[in-house]
Amino acid sequence: MAELDFSATEIMTVAASRLLKNGTVCFVGIGLPSTAANLARLTHAPDVVLIYESGPIGAKPTVLPLSIGDGDLALTADTVVSTPEIFRYWLQGGRIDVGFLGAAQVDRFANINTTVIGPYDDPKVRLPGAGGAPEIAAQAKEVFIVLKQSRKAFVDRLPFVTSAGFLDGGDAREKAGITGGGPTAVITDLGILTPDPVTRELTLTSVHPGVTVEQVREATGWDLKVSPDLKTTAIPDAEALTALRDLQARTAKAHGQDSSGGEG
Amino acid sequence: MAELDFSATEIMTVAASRLLKNGTVCFVGIGLPSTAANLARLTHAPDVVLIYESGPIGAKPTVLPLSIGDGDLALTADTVVSTPEIFRYWLQGGRIDVGFLGAAQVDRFANINTTVIGPYDDPKVRLPGAGGAPEIAAQAKEVFIVLKQSRKAFVDRLPFVTSAGFLDGGDAREKAGITGGGPTAVITDLGILTPDPVTRELTLTSVHPGVTVEQVREATGWDLKVSPDLKTTAIPDAEALTALRDLQARTAKAHGQDSSGGEG
Amino acid sequence: MALITPLREAVSSLVRDGDTVALEGFTHLIPHAAGHEIVRQARKDLTLVRMTPDLVYDQLIGMGCARKLIFSWGGNPGVGSLHRFRDAVEREWPHRLEIEEHSHAGMANAYVAGASNLPFALLRGYTGSDLPKVNPNIRFVECPFTGEKLAAIPSVRPDVTVIHAQKADRRGNVLLWGILGVQKEAVLAAQRSIVTVEEIVDDLEAPPNACVLPSWALSAVCHVPGGAYPSYAQGYSERDNRFYKDWDPVARSRDGFLAWMKRHVLDTGDFAEFRRVLAETSGPGTARQEGA
Amino acid sequence: MALITPLREAVSSLVRDGDTVALEGFTHLIPHAAGHEIVRQARKDLTLVRMTPDLVYDQLIGMGCARKLIFSWGGNPGVGSLHRFRDAVEREWPHRLEIEEHSHAGMANAYVAGASNLPFALLRGYTGSDLPKVNPNIRFVECPFTGEKLAAIPSVRPDVTVIHAQKADRRGNVLLWGILGVQKEAVLAAQRSIVTVEEIVDDLEAPPNACVLPSWALSAVCHVPGGAYPSYAQGYSERDNRFYKDWDPVARSRDGFLAWMKRHVLDTGDFAEFRRVLAETSGPGTARQEGA
């Protein structure tokens, strides 16, 4: 197929989707993670197993869910269990390969804030809260985080750590007794950040085509390290882009709006 | 209807059945308790709710189950849940009015042994063990125990307390932190024993017709107290006897044998 | 044994000022009709419990019914913030709202512990999160065998739980299916319970091992077809995604919110009338004006 | 992803000497065929876990496969004692059998804790019972909120769990229904798992919220029609109550037991052959002679 033009959001979504290998068992957050995970399922990873916290195991939705409990998730799943069972037997039970999360803010050690901006007792902005993220972040074998990159979102110090990445870096996560491997990639609209194997500090390892390192550093609230082996993200292939656009068109038609999302 | 002759086992079963009031939620042990509970359901207590530890809630078997997990229990139940759910949400959850138990041995405070005769580490007779009884005995609002009376079964001191009755009597049960009300009746083939309201010692409060107090005392391994207000158990009415015999005939036909029973 | 009774009577007799109340439903089967009825009857000082407070709790909080909220994710799913919830937390309007905040895993386990009559829930959770710093009800215990540190949180034991389900039979046995969320646990954890249902039938025709709540474990069953709207009931209705979007501008201003609640909830007698009024007031794209 | 494989290979590759093994099934769906295969392959030093050890464990214990038994009720349901179990406990034949004894509530919670990857199970249990005096794995912990004393027992985490179910599809997804017992928890608590099934179908046709075990959570699925015999599989077979009665005289004597096991299990190649031999040797009323 010929190359197609694509938006920053599209390359973010396709890049995130590519990380998901076929056969992976993925605990899916609503919104961007759900879009990327379903795109993977519809392209290179037909046997990816999608689990949503509302209860569906093996969901294969035909359109993107607008909420974490859309009927299409239940109707297309291998089975639907209770929400306590999802968190107890499947997540805490150690059966999740990849936790796929969004975030309002991340810091240099890939810790996540979705709780408050400003002091907890006197918040400037009250965000929705933890949802499933603290235990997904702790218990999945690895975690992908997908969010748009900006100085507001990529901050030097989080006002509140909702969900643990690598805490203060180094082996702080392991020392705290957290069993899951933690974030292995933060996928943004500008590039891909991965934790340094030793310091666990997020490092720019890939920039999207047409994006400069300076642009990424500008959109980061700390002095972003750049990998000496920096790559350029492969452009989305036409198959993936077409599949993504078809999915979003089907979704818009079904829901009568675009597919942002939230828990609940 | 005319009076019918009846056996000692029949009056025991009918007397036990009569104690179960309509609408009661009853956690049913297999064997004699199951026979009595189903007889109640088929006669004076059509809305009794029978729960078996294997998972059926609201079972309405057409024949007596031979095992605690007979298919008829599942097919006739309002729903079938997992065994952990039975013990967690329904029994421990405090939703059981009556626990209906059998026993190998009881003592004067209605403690139950179903574990061993002789020392635990060098048993003379190894019995099946606890099954569901310790928590049924502790957590049901009240407990009925049904077993045949003999010196071997009604002992002064149990070699092993599997399930708590009133422990050492008095308020020992409450002091131990056990929430359910405990045994309110022990129904035997000779009569009915109920705990003294203060000492909690089992006291003969009813003898079956044709049975003498002396016979009951002979079949008891301690100096059995007899109520000053001793009654004679009402004879089984013809309706109950007929229903019991029909049930047992249906059961024998279906199972090809009589309906003793056990867990498993 | 559940009484089959109108929703108004059920709320009137079973939900009391000062109660701890859980309205559950995970996107699916959210008991909106019951939420409205609690608003109409002007309950006060409620401790509201819900994993995912969304529109139904935005309304209860904005109308001043709540003293405290126990939750794990508060937002308008697929749309954004809950403006009434944020106004209460950020600016104490209509009055201060105390919050006790957990993760989903914590809340789900707390309901399970409540249904199991345990005083606390045990889980691997909250490690590395700041939540234990702001929530004194997140503590840690040691395993008596391995010495491992595990999180402990108090059980949720509501005075009343309210859910919506697909079917009841004439005895009041209830069947629900599809996305079940924590509804069974929430009902069994509570002292009292109200279930609104899409229909009442002679025979539930429940498949084996279905989620059935027996009548004797419930307080009241109320026939409220469409009672989950704008949430949905699988097999009966679709989620009205537009209502969720339209709620955003309605809830943005205090006056717009109050006007909307008066017109649609306080001035309507029941959920059927609310649906009629809503159909009149909100043709396509009119909800924004309505809320303004 | 589960391999769909003959039972012989599944046992050969997944059950190892010294393993902790749970064969579960609560009267219904007891994996007798798998029990036979473990006997045929002469596994040793197993720690056997099962809420209700009955005939299947009487056979494994009598054949010397077990070092230890973790259980809550051991008997021949509806008939009486397990003679091989009693002989092992009372007279150490064929060798000493260590026992760890719980209540059903304890075992059920221990499986739940295992499936939940918790090191221990928390329950209200054992109060007033002598079981904590003879089982050091029953301990007590305090609620960090109320100070209440609650029982704690170690999770059950088998190396291998074996169950029987009604259906699998060609990918190895498994559906079971009816009396479910603790099978789902036992499978999810284990490192490895084997599921024998009545039939393998194109489409499970599972009702909503059915008990489905996804293929990727299982190790092996084996097509063994009637593999629960003399237990039953709802929708496929009836329990053979006579076999349970006939087992009593078979198991009463050591020689009778050994002769029966040799003829019916060791000298047969698989469960289908066992069923053929059994049909030949036990016309009505002949089992007693066979066992003598």
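Letters A, B, C and D mark the chains as written, and numbering starts fresh at 1 in each.
Here is the rule we go by: a contact is a pair of C-beta atoms (placed from the backbone, for glycine too) under 8 Å apart; a residue touches a chain by one contact, two chains touch by 3 or more.
No experiment lies behind these values; they were computed from the predicted model shown.
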Shared touching partners of chain B and chain D are C
Contact-pair count is greater, between A-D and A-C, for A-C
Between the Cα centroids of chain A and chain B the separation in whole angstrom comes to 57
Cα centre of chain A to Cα centre of chain C, whole Å, reads 28
Taking each chain's mean CA coordinate, chain C and chain D are separated, in whole Å, by 41
In chain D, the residues touching two or more other chains are 112, 116-118, 123-124, 148, 178, 180, 184-185, 208-211, 234
Residues of chain B that touch at least two other chains are 74, 80-81, 88, 92
Among line, ring, star, complete and other, the chain touch graph is other
So the complete set of touching chain pairs is A-C, A-D, B-C, B-D, C-D
Residue positions on chain C within touch of chain A in the complex are 26-28, 51-52, 54, 71-81, 85-86, 89-90, 101-105, 108-109, 111-112, 123-131, 134, 148-149, 178-182, 184-185, 232, 234, 238-239, 241-242, 245
Per the touch rule above, chain B residues touching chain D in the complex are 30, 53-56, 66-71, 73-75, 80-84, 86-88, 91-92, 111, 115, 120-121, 123-126, 128-135, 138-139, 160-164, 167, 173, 176-179, 255-257, 259-264
In the complex, chain D touches chain C at residues 116-120, 122-124, 137, 139-141, 143-146, 148, 150, 152, 154, 177-178, 180, 207-211, 234
Chain B residues touching chain C in their complex are 23, 25, 49, 57-58, 74, 78-81, 88-89, 92-95
Counting only contacts in the complex, chain D reaches chain A at residues 1, 112, 115-118, 173, 184-185, 188, 206, 208-212, 214, 216-217
